[in-house]
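Have a look at this one before I ask anything.
Labels for the chains are A, B and C, by order of writing; each one numbers its residues from 1.
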Amino acid sequence: MKHLMSPLDFTVEELDKLLDLANDIEKNPSKYAHACEGKKLATTFYEPSTRTRLSFEAAMLNLGGNILGFSNAASSSAAKGESVADTIRMISCYADICAMRHPKEGAPLVAALNSSIPVINAGDGGHQHPTQTLTDLLTIRSLKGRLDNLKIGLCGDLKFGRTVHSLINALIRYPNISFVLISPDELQIPSYIREDILGKNNISFEEVVRLEDAITDLDILYMTRVQRERFFNEEDYIRMKDFYILDKPKMNLAKEDMLVLHPLPRVNEISVEVDNDPRAVYFEQVQYGVYVRMALILTLLEVQVC
Amino acid sequence: MKHLMSPLDFTVEELDKLLDLANDIEKNPSKYAHACEGKKLATTFYEPSTRTRLSFEAAMLNLGGNILGFSNAASSSAAKGESVADTIRMISCYADICAMRHPKEGAPLVAALNSSIPVINAGDGGHQHPTQTLTDLLTIRSLKGRLDNLKIGLCGDLKFGRTVHSLINALIRYPNISFVLISPDELQIPSYIREDILGKNNISFEEVVRLEDAITDLDILYMTRVQRERFFNEEDYIRMKDFYILDKPKMNLAKEDMLVLHPLPRVNEISVEVDNDPRAVYFEQVQYGVYVRMALILTLLEVQVC
Amino acid sequence: MKHLMSPLDFTVEELDKLLDLANDIEKNPSKYAHACEGKKLATTFYEPSTRTRLSFEAAMLNLGGNILGFSNAASSSAAKGESVADTIRMISCYADICAMRHPKEGAPLVAALNSSIPVINAGDGGHQHPTQTLTDLLTIRSLKGRLDNLKIGLCGDLKFGRTVHSLINALIRYPNISFVLISPDELQIPSYIREDILGKNNISFEEVVRLEDAITDLDILYMTRVQRERFFNEEDYIRMKDFYILDKPKMNLAKEDMLVLHPLPRVNEISVEVDNDPRAVYFEQVQYGVYVRMALILTLLEVQVC
């Protein structure tokens, strides 16, 4: 049985197949409308995440399946001291596949090891959020036509940004990828990524402080939120949060076919005046998130649609 | 694309058509049991309202559709600072139609302006609650056979009662409607309704303090809850809350075909001894609420059932 | 119309029929996959209980039906002061059957008395939790082949343990049942059960303090959680909670065909090293809980499957 703990659980070939399936779903949704009839997805969310939970639920409903679960730990058995291992054994009796969000790193892995149904890591603390990465990859591949030969700017909180770390790990498997890491000094990429991942794999990258200096020749600009909760004090947050706001003047410096992605939710790091720019594809990205989760559910449940 | 923000969004003719559809659903539910198959309703409730949420969900399930969503802001992205505009763009990727409840007036309108799916205002602060008004109109029309030529008593908290204000606005579009406004001085109808709506439209109305003085020749008695949270202090609440309790002796003064409606939940403003009186139709009203929401979903999704 | 308030609502004959149905569902799930199509289960949980709620929801979805409801009182109308009687009248307009969990004893009975749909007591305070008892009976009958001629050890918190009290009441209706009551002095079985139920019905039982002394000749060992919230002070809890931990050495003393049941969630009263022992059937029990709830829903809705 297969689970999804990290985006790297899939080889490049498996990933290609998954993204192909997602694109076929996009083109022929009705072909898949009954693929999971009689099957149930459990969403076990130990911390709230509406966006991710609803994306999974929409995906399963689009496949003709059903959904059940909980949206925060307070309404779960966790409050009674039950272990994740026991909870997933219970969930295995109730559902055919499970998407788990947990504040503790590794909790979905513990679940997978004790589960008799496929488990999808829907985000575990600052660790992994593989379906976000699959969403990013599908968005880029669908709209740029490729995952290789790209210059990708990653902007904002690169220190704590889980989605950025995952995306780097996923993209370095493709030929001729280079990164521009755009952040304040305080929120630079962790050294284990700079040295062990980018350095050791001879991936081309540069680090810059100002978005204006980097935007001109990017193929992809991946914006991220500067989360208030990551800062030790309010003062630092206020000083830094406005450094990296994408607005019309900055967009004017970019290439005509550059794409802007964002894992959402955004606060103010992308000005709403950018929303109508055809290069702003963060809402298309939401839609691709549904398609890729549909493909993932089909793949893990080993459902074949002809 | 059509949204529902206020009961007045529908013309009298459109409303007639909607209520006709609701009555056909009441008579032939199985005809509509698969009308929304493959479609999804999102219930985005930024404040809890079990009654309204479950009524929408029952309506969509009765049509063969599916439901997803959240039941309070704590388990939503709102906590992360996301705007309603961004949230509805996300929801547009997940569902085919959205019912939104929000504590802030105008939030559903902001959503509608940014949505690519129909949005239904399921209550925005003290402002509008249009599906309650549609429910009230369907109940009256179904059980009295008409929406014109009626003398309607509105009793309780007329100052803050959103449902009462909406009902007045909806009913003055029909010929020969008169109102009896029954409330303590402290909770009288706002002057903008008295002057700008009733006065300017030459609608006949009187204001009385005691329910006994008004009940005798009413066709409809619309009772409302005196909400504890509307009062500045507990003393005022306790002094006033029992003024307007409908009980058997008061019912004995009413006409044999008067109907008692209530938007529910009630606390003690209608004595339970009245529940078995055939004129008490507030639980039938709940059922009509499901039918009218089914008709509304079909109408906004432009689903034709033959 | 039939409701389920207590496990004793069913006669032994009716119970046999229900358990037969559950076993048929276990063997032929696809036969029942559309039995409740177009029907809705409302889960009205005034206090959270993920395990029980999800078991009901899985059961209804397995039958092809739909689910709606609320998972805690905070997101329900109860906060606005609505009575359970009014809430169930509302729910009767939204669903075909209702499972209600409530912190107050008797609340589901009040609901049943005011309902026009079948109501299932899904746990009311320290009073009853009949579907847990049905689950226990189905598990024992399915895996031991009988409900008579059994020696049953009940271990842990026998004073407050609602599931233990219900199970005793249900089992004494079968011939040649004997109990071994295993608990610290502070958590012994209440005297009304010792005297009025066991004594008056001439049921054979003994009371012991150490699990080791009792385990040797048991057919069933029913373990229960020692709930922290039952204790007046933390000291008592810490002193007693480890007295009754089932581990491998204790399992070595037991018969080869003894079964270990537990209503779950467990904290540490069964060591995880016991989980792989074939006699440990508490996770099978979870699965039987779904089957018995499916049988119950079919029975109360009077749905016949041929």
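The criterion applied here is as follows: contacts are C-beta pairs under 8 Å (C-beta built on N, C-alpha and C of every residue); 3 or more make two chains touch, one makes a residue touch a chain.
Labels paired with UniProt names: A, B, C = Aspartate carbamoyltransferase.
Owing to the predicted nature of the structure, the values given are computational and were not obtained by experimental measurement.
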| item | value |
| --- | --- |
| Angle of rotation relating chain B to chain C [CA atoms, steps of 5 degrees] | 120 |
| Same or different contact residues where chain C meets its copy chain A, judged by the half mark | different |
| Between chain A and chain C, centroid-to-centroid distance (C-alpha), Å | 40 |
| Chain C: positions in contact with at least two other chains | none |
| Residue numbers on chain B that touch chain C, as the complex places them | 33, 48-51, 54-55, 57-58, 61, 67, 71-72, 227-228, 264-267, 272, 283, 286-287, 289-290 |
| Residues of chain B defined as touching chain A within the complex | 38, 40, 42, 66, 68-70, 74-77, 79-82, 85-87, 89-91, 93-95 |
